[in-house]
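Look for chain A in each of the two complexes below; its partner is chain B in the first and chain C in the second.
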Partner chain A sequence: MSDREQTGRSIGRLVGRVESVLRDSALPQGAGVVGAVGQPAERLLWPVAERYNRTLGERFGEVTGLQLLLLLLSFGGLVTAPLWGQDYLRPLTLGAVWAVFAMGWDIQSGYTGYISFGHSALSGAAGYTTGLLVLHLNPELSLFVTVPLSILATTVLGLAIAVPSLRLRGPYFSLVTFVTVLLFYRLTKALSHWTNGLRGIRVDVFTYDLTLQYYMVVVPMLAVAATLTYVGRSDVGTVLVAIRENEDAVSAAGVDPTKFKLWSFVLSAVPMGIGGVLLAHVNAGVDPQTFVIVDNSIQMIAMAVIGGMSSILGPLGGAFLFVGLRDVFLVGLGEELRWLALWLLVLLVLVFARDGLFRLLWRALGALGGDRR
Partner chain B sequence: MLGDIASVIVDGALISAVYALIAIGFTMVFGVGGVLNLAHGALIMAGAYTYLSLVSDSILASVTLHPIVAFPLTIVVVGLISYGLYVVLVRTIEENVVITFLATIVVAIAFTELVTLVFHAQPYQYSVVPGVLQVQALGTRILYVELAAFVVSWVAMGLLWYYVTKTDSGRSIRATSTSERGAMLTGVDVSGVRARTWLVAGGLAGIAGVFLGGIGAAEPTMWLEPLALAFIIVVVGGIGSIKGSVAAAYIVGYLQTATGQFLGQSVRGIMSLVVLVVVLLVLPQGLYGTEFVHE
Partner chain C sequence: MTLLSVDGLAKQFGGLVAVDDLSFGVESGEILGLIGPNGSGKTTVFNCIMSIYAVTSGTVRFGGTDITDDKTHQIVNRGLSRVSQESNPIGSMTVRENIELFTFPNSVRSFDGGASDEAIASYAARVDIEDALDDDPGSLPHADVRRLEIAKALATEPDLLLLDEPFAGLNQTEVRQLSEQFESFREQGITMVVVDHNMRGLMDLVDRVVVLHNGQKLAAGDPADIVGDERVQDAYLAGEVSAVQ
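And now, the complex of A and B:
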């Protein structure tokens, strides 16, 4: 171990100690009103949480009462959104699409620590497959044909990126994915007689009924969230995190890390394909600016970072927060200032709360309920 | 045809020197701290816009300096920005490689937005050294700014070479890059070395930025292409190796120029990518590097 790492570890330990002191002293008694409301609420909800833990907890992770309340409220909020947020259906729909992207990025990059800048190429592959099929083959092609083909194309591209690059370690991998995006972008221009270049390809929307469209996006999103949470909590997820923490130890334990990294890419490519198809239909088209450019990959990363990497549900929350800020709350700032504010927020989270805002919230709820894990 | 070949030879030689400058800074920062600085492209852009603001009367009306004054001033400013980036941001998070990596790309993107906010998205043309040199015998022409970029880049590389081989301050950079523990045991102030490396890398990026902006134009997306190139060059040359960076810069530079000339501008980047993939698979440690390993 290098000295730098040792210093890093001891700083980490120090921060950990400070955090635990703060938590022990401040939260349970000192939180005042929050604590006074939180603890009875926790006692009230605990029996429900216990039932959940006994039935589903093994597969999706155990929760305390307040954490379960947060999950149920979020779920209920999403499902009933057309009732309370008719004016915000568009951002909510986009938020759900980006949540799929952020979670797809997370299961690969967040879990294994192999940071990919290539995920916008994956979503682009899905969008462009749908677009090219509709434009050059048959405009009337059914979704039952285009959607599976698009997801398949994304998976194939994912494997084409992953097989040569995942043999490489650390930064080399990120670099190959980064260059892949630039190459994809150039190809959309170079092949513009097929792809219409920057103008892109028009794709029909699912439906003009915004409520229906919202559900057509949210339902797949929730399915992706449930599946990936399950995978993340399973042995596969454990191995992926182990790869991030110490790849040599994984090899030494007789597990082939390369195989698992490849699987994580497939696991990631399928949601990216789903998300890409959704975005193409929600945006009524596919073009390099909204799909391929490297900024899109970085936005996915930003959402995962804000929410909390390697937690699946964190990036989900991060995506809604990011899109909400981007498309609703910060719109008044104007184009450049809004982005500047967003990126500074991401930077602040990276420096001061690298576990992510939603993971902090999750832990705080757990601590309020007396959870000392 | 002869003219085409001549212009590839000349253009390739000229632009590759600037690429080398970018790649050297990038690889040095990686060598001493293990930080993959994705904000390196932003420093290049900072160079172009700083120089533009100093010489042009359309940005800051009260400040119009002669290029001879503005050029060194730009190098200093960008060097200090780079130094500040390290001391304020990177130093506090560098123990976590992934977080640092992500933070630098966020800095790059935020900087792009800042530039768009201040200077707007349109490209700015500015001249560093005006004029064109006609080479009748070869049937080609060279911009003086390209020639200046070539000369200044090689002078900078020469000075850097002197610095890292002949002075203690520079040799401690190489020592840290070779073995951090070894350097520490022989009394090198590793933290100081890192800060110094960022300063030097920033200065080199500043030089490159002034010339890249002068040859092309200063615009908010100008950092992506050089950053990707620096990546490719560093991998081909071997991460951490200055000599490798120079050699690889010439390979990649010539490849870029030749594909651009003979196959069309739209496939320019594709050949470099092919070379990159081949090198990664056949020679993962690059021309002169040791293979990157997680410690």
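And now, the complex of A and C:
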């Protein structure tokens, strides 16, 4: 065996060991204290979880007591945020917008396996539709007009990218999305007489009341989360995962993979449109650097990866974690170090916890609850 | 009644002629053997029938309807299902979920339209894997993975099953059990075409045999006649008489 092969094997063994340590540490056997607290808590919560499983479990997935506790605490925390986190309303609002993006990306790329590197073109399309309408048509245009039109424009762009790329699989599809976002970015500058170039277009904020603005973002975010979780757990979600795993098997099952792929692009584009409109009004404007730039697409992917791809709620958690680190916890490190730390975290998750941190947490809570399900 | 008819089927890959002017019919209720040595074009015929490949020329009719240009999922929904030579269960789903996928309606608005647990268990029971429903396909022995492939095809409620090398890799007992199950499928009203390169396992099972050689039909008839056919022995078996006896 050559030195290189030996080194390769040693690294492989090391990675395997770290992975297993990480895995074990998440399980109750390796965490006596956690187990001692967790198991009685689970017993206490189980009757509630059982009731949830009987009523909503089939639609949204069954849970153990501790998993339900995590969901309720997260939900409660989000809904009551203005009471405990007035100083953090801005990052929490942005976290909610990015959660919509990460979930939108997930239903197409995580579930269906058509990995997009260009989803910021979709959110950009929504932002720019709103911007162009108020700039060139009527500054007083109602949200009831701009919001649906922006979401529609995003869906049209999503399908315009998807339909010609349907025959492409794997890296070719991803490259098409990647080039599309580069093209879109250049277009926003090339058409600067329409778009104001890098300066962008001013859009009115929803409201100057930060608490109200927060709710105007969190409520649609929760609606997107509930809808996509429901779809992901349904037959449709199963077919999308099957397309990712084996498209031919889907045809053999009598199900049209093309139709379902197009549907997954629509399911992805609509939240991207919603998120794009929200971001335009939260940021009071739309410009290429905050919207379209390819870095934004990569950040969406990072959020989904950190949280756990193809789980909807994982990317939601990933978005809040990513934005929290980016805009609050790592700010002290300074611009360069902050980004280095963030991308390093993404890399570590990719290597050591490919299923994502929130899925890891979810499973650990499930394991603490015993094997009831 | 002729359930499936293949007329003048040809398939070329570049300059290579894989299937050449092939015609045959499958009668409702029969089990037809489609045999030939490796590379004779058997799997290509199945791929053309199922529209995995576009045919170069010729037509495929099923129940009187021209299905040559249909898409695979449309053909499946017409009542024609195929069990591939390769097993391709989805590893991240249980055996139950793998079968359930094959019961889903082709509708993006169907959120809960798969078969009931009882129906899925009954598909599994028809090939004796009802005890493995909650297992991962990766943990099943080879024979059970093959049975899962058949259960998936059954779950589409086919009138005609195309079985591609169903006995490959199975031991004598498993071959016998599977043959008995195919017989019971026939009693339940399913017509079958079985592809194999070796006639031995098929002799007692099939009613009729079509022999393929270099993409062309070499002979067709009763299994007993085919075994005795000198052309089959000379050209197709190239002296490997043991393969048919």
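One rule holds for everything that comes next: the second predicted complex is superposed on the first by the 341 of 373 C-alpha atoms of A that agree within 3 Å, B and C clash if a C-alpha of one lies under 4 Å from a C-alpha of the other, contacts with A are read in each partner's own complex, and residues count from 1 in each chain.
Criterion: contacts are C-beta pairs under 8 Å (C-beta built on N, C-alpha and C of every residue); 3 or more make two chains touch, one makes a residue touch a chain.
For clarity, every value in this text was computed on a predicted model and none was experimentally measured.
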item: First, second, both or neither for A:I274, with chain B first and chain C second; value: neither
item: Touching partner for A:D295 - first (chain B), second (chain C), both, neither; value: first
item: Partner chain(s) touched by A:Y230 [first = chain B, second = chain C, both, neither]; value: second
item: Residue contacts on chain A - larger count, chain B or chain C; value: B
item: Contacts of A:F260 with chain B and chain C, given as first, second, both or neither; value: second
item: Which superposed partner A:E245 touches (first chain B, second chain C, both, neither); value: second
item: Residues of chain A that lie at the interface with chain B and also at the interface with chain C; value: 248
item: Residues of chain C defined as touching chain A within the complex; value: 50, 52, 71-74, 76-77, 81-82, 84, 88-93, 97, 100-102, 104-106, 108, 110-114, 152-153, 156
item: Contacting residues of chain A [partner chain C, same complex]; value: 58, 230-231, 234-236, 238-239, 241-242, 245-246, 248-257, 259-260, 263
item: Chain B contact footprint on chain A (complex, rising order); value: 1-5, 7-9, 11-12, 113, 115, 117, 164-165, 167-172, 174-176, 178-180, 182-183, 186, 189-190, 247-248, 294-295, 298, 301-302, 305, 335-337, 339-340, 343-344, 346-347, 350-351, 354
item: Touch list for chain B against partner chain A, complex; value: 30, 33-34, 36, 89, 92-99, 101-103, 105-107, 109-110, 113-114, 116-117, 180-181, 184, 190, 224-225, 228, 231-232, 235, 239, 266-267, 269-270, 273, 276-277, 280-281, 284, 292-295
